[in-house]
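Shared between the two complexes below is chain A, which has chain B as its partner in the first and chain C in the second.
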Partner chain A sequence: MSFIAFLGAIELGLVYTLPAFGIFISFRILNIPDLTADGSFVLGAAVSAVLTAAGHPVAGLAAGITAGAAAGLITAILQTKCGIAPILSGILTMTGLYTINLLVMGGRANMPLLNNETVFTLSAALFGDIFYKLELLLFIVTLIFVLYYLFFKTQLGLSIRATGDNEDMVRASSIDTDSTKMVAFAISNATIALSGALVAQMQQSADINMGAGLIVIGLASLIIGDAIIKNKTITRGLLSVIAGAVLYRLLIALILTTNLAPSYLKLISALVVAIAIATPTMKKKFELKKLQKKEASLC
Partner chain B sequence: MKKTLLFITIVLLLATATGCTGPSDSPADNSKDILKIGIALPMEHPSLITIQESIIDELAAQGVDMDINVKNAQGDPSNISTIISQFIGDDVDVIVPIATPTAQAAAAATKDIPIVFAAVSYPVEAGLVTAFDKTDGNITGITNAIAIDETFKLAQTLTPDVKTFGFVYNTGEVNAVSSIERAKEYCDANGLEYKEAIITNTGELQQAAQSLAGKVDAIFSPNDNMVASAMPVLAGEGIRAKLPVYVGADSMVADGGFASVGIDYTILGKQVAQMVIRIIANGEAISDNPIEVVCEYAKIINKTTADQIGAEIPQELLDTFTILE
Partner chain C sequence: MLTMKHINKTFYLNSPDRRTILKNFSLSLKEGEFISVIGSNGAGKSTLFNLIAGSILPDSGKITLDNKDITFLSEHKRAVWIGRIFQDPSKGTAPNLTVEENLAIAYMRSKKSHLLKGITKKDKAFLRERISCLGMGLENRMNTKIGLLSGGQRQAVTLTMATLVKPKLLLLDEHTAALDPVTAEKITELTQSIVSSEHITTMMITHNLTTAIKTGSRLLMMDEGKIAVDIKGEEHSKLTVSNLLERFSQNTKKNLNSDRMLLQYD
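What follows is the complex of A and B.
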């Protein structure tokens, strides 16, 4: 792997850490599968692209975050106030967002931003032309990490965590779990949309199909992260997500450098993820067997 | 903590074991003997694979010794930029992105390495260039804008009674949407009516086609990747309702569509290969190589489908068109 490919993989890993953070909130903290992600990612990208094309890249990021939060809120309202099952409400929002995203981009499926000023060209003016993407993305991921860390220590943050652990208990303490869910889903999808907004500016185009498979990428990052860092606290959980997202990208880049037929990419990445998840369990089983044998020989 | 250390070790190992070095030692001075070409595809797709194979065949036929590296994102858009940065890191002499998203990713990633794209239907709308003959950056290529007017003229020759067309396409594909816009312009200018049926995934194709039956006299679908990948469904519905289905690609006629004046992807691939040779082997400037359109269209009629819907094919078309039995 060349230096540029390595750097590219780290950058992509960092920018795809953000949706993994969002998915961490819904799947891990709340224990509710939220499929809005594929749609809110593209929503963030579309909003950011429109504003970037108009010459406001930073406002594009802010508007992307806000739009993502709104999308998350809709999913949460469908779930809590309308009593629609979690998976279905996510699917409904995602499906509806397809049209919204097309409308945002003025009825077109693709919006180019080549030669527009983006947050990355602004960053290049600050950091020089090699590490400007990496430094900006490191800054943003660190910022979100710190914000998450602080938020989940507040009263509201703790209530959200408690909602995921034991909803009945939280209700019994007269906390409205509907509103904790709404806040959590809004934050989750805002983070996912921020990633979309950044990717659009980084790759200088927004495309209606760019969210395809985002949930799978996010979950793979979560699971690989788990295999590296045991997540018992929020801090370790978030750190494991960063590690997982970056490692996942490095693995994909590594598979792509090999000279295997291109069609093997998916199978091999599935195998690698499966091995990553299975290793700790297999190791435990192996050690258990060894102990049993030892015991047997002692008897 | 052990795990964290393990992770850092893995990352560092990956970096060093794969020969990762600093950016300072760019090998500008050592001359390369073999030219390196990186071909990037966004997904597995019959037309795109045809282009890829045709490029490789033509390069070999022209006797150019090249190190060809083909990568396919397998339908995951996030893999495209990994592929492109790998090409840049490998210091390829030319990047050949097939289809719009890969071309945009390549254009965003480099302003120095020549890019010769294939099968971008609307390069100006995609933001790659400002005009077909203004290739003053590092980008040029072969566009596959389909012959909309010719297809409709063919339709009026083959089935003169058709007054209302039904358009079936995917709103999520910039090439399909742009083709439909031109089709609408043609219909408006020639006093033809049209109705639209939109799909967003292949599962919706059957219902979309059925919704048109009884309301239209013919169906038109452009070079739409999604419709193309489920073409037998649309063809089947057309035959059931006895409607001629005009399409934008030869592969779609092979899959049961009625007729097309469409893109011949083998010829497109050949043109791409020839442009690549001109630019990197012969050292021609990109600005001297404006964007080309496909020089020859595939004119093709499916006789089996014609018989099933009871359409007559005039003798002069039997002579000039490729007829599929």
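What follows is the complex of A and C.
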């Protein structure tokens, strides 16, 4: 792997740590699968691209975050106030967002950002070296990490963690679990949309399909992270997500150095996630079979 | 303080499987009363608690707490005044949170406004002190995930959580039934000492006739969604198992010794 490819992989790992953080909130902390992610990522990218094209890249990030939070809120409302099952709620929002995202980009499926000022050109001007992307992304990921760390220590953060653990207990403490879910989904999708907003400016284009498979990528990062750092606490959990996301990108970069076509990547990611999640169950079944055989041979 | 008037509750109301559990049920509690509730399986005891706590809503009737109509108030809003413990020790606590974090969440009932504040040093000291009152050494395990504690320890923490901020009403639904006899005895003692020192109005469902008679100041015996026996005051202090059974047979024309009652006494 060349140095440039290596650097690129680390950068991608960092920028895709953010959706993995978001997925960590929904899948791990709340224990509720949220499929809004694919849509809110593109929403963040679309909003960011439009504002960047208009000359406001920083506002683009802020608007992306806000739009993502709104998308998460809608999914949470569908779930809590309208009684729609979590998976379907996410699918509904994601599907609706497809149209919204097209509308945001002025009816186009793709929006190039050539020669526009972006947060990355701003960073390049500030740092003046080849690591300007890495430096900016490191700053943002660290900032979000610290904000998450602080937030999950607050009473609201604690209530959200408890909501994923035992909703009855949270309600018994006179806390409205509908509200804790809404806040959690908003934060989760805001973080995912921030990633989309950054990716659009980094790759200088937003595309209606750029969110496809995002959840699987996020889950793969979580699983790889689990394997490296046993995440007993929120802090270790978040650290493991960063490690997992970066390692995932390095693995992909390694695979790409072979002559495999990039179109195979999604299939490989899906297989990795499926195998990783299936392994404990398979192991148990295998051990049970062995035990049964042994018993059979005894008589 | 708590009144229930003409409560009706039917499950599966508009289906052929409709089951009427409570029919024109009325009950009134006085401040500071400790009521033992006893009755066969399916008599409607837990349904009664669910209605009081707001986990389910009545089809008709009215529930008030300190003269405030709470009939249709949401569960989490009532929880400010109503503490509740279930039979299953895992129901009252969040297993992946530490003892301290669980207590901190229960403590939030007292101060709603500081959502973005963390647990302060002062809070920590207070929670630690309260948990040390249990005399189980749990104050040295404040940072242990609660899922790692035994059922009895968890039930003790749940008891502290439910009474950390003094509730107007404490509902105990067979909260010692899943524990071994020695632990159950210990939790019963703790319950009594907390309830009496804090003067908490309490309703306790139990399967044990002796416990029911020994504990509290009033005894309710439920049968098929109705109050079959209600004993308080002078009469309560002289109550024995045999005259309770007699009262029950008189009121319901049923024999309590039939094995579907599934009651124990020792």
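Operating definition for what follows: the second predicted complex is superposed on the first by the 257 of 299 C-alpha atoms of A that agree within 3 Å, B and C clash if a C-alpha of one lies under 4 Å from a C-alpha of the other, contacts with A are read in each partner's own complex, and residues count from 1 in each chain.
Just so it is clear, a residue touches a chain if its C-beta (ideal position, glycine included) is under 8 Å from a C-beta of that chain, and two chains touch if they have at least 3 such contacts.
The structure presented is a predicted model; accordingly, all values stated were derived computationally and were not measured.
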Have a look at where A:Ile175 lands relative to chain B and chain C in the superposition and call it first, second, both or neither. second
Using the touch criterion from the header, give the chain among chain B and chain C with more contacted residues in chain A. B
On the A-aligned overlay, A:Leu113 touches which partner chain: chain B = first, chain C = second, or both, or neither? first
Which of chain B and chain C A:Asn166 touches, first, second, both or neither: second
Quick one: classify A:Leu158 as touching chain B (first), chain C (second), both or neither. second
Is A:Ile229 contacted by the first partner chain B, the second partner chain C, both or neither? first
By the touch definition at the top of the document, which applies to A:Leu73: first (chain B), second (chain C), both, or neither? neither
In the superposed arrangement, what residues of chain A touch both chain B and chain C? none
Taking the complex as given, what residues does chain B use to touch chain A? 3-4, 6-7, 10-11, 14-15, 18-23, 41, 44, 70-72, 74-86, 88-91, 100-101, 104-105, 107-108, 125-128, 171-174, 177, 200
What does chain C use to touch chain A in their complex? 74-77, 79-80, 83-84, 90-97, 101-102, 104-106, 108-109, 114-119, 161-162
Footprint of chain C on chain A - complex, ascending: 153-156, 158-159, 161-162, 165-166, 168-177
Seen from chain A, its contact residues with chain B in the complex are 1-9, 12, 16, 98, 102, 107-110, 112-115, 130, 199, 202-205, 207-214, 217, 228-230, 239, 243, 246-247, 249-250, 252-254, 256-257, 262-263, 265-266
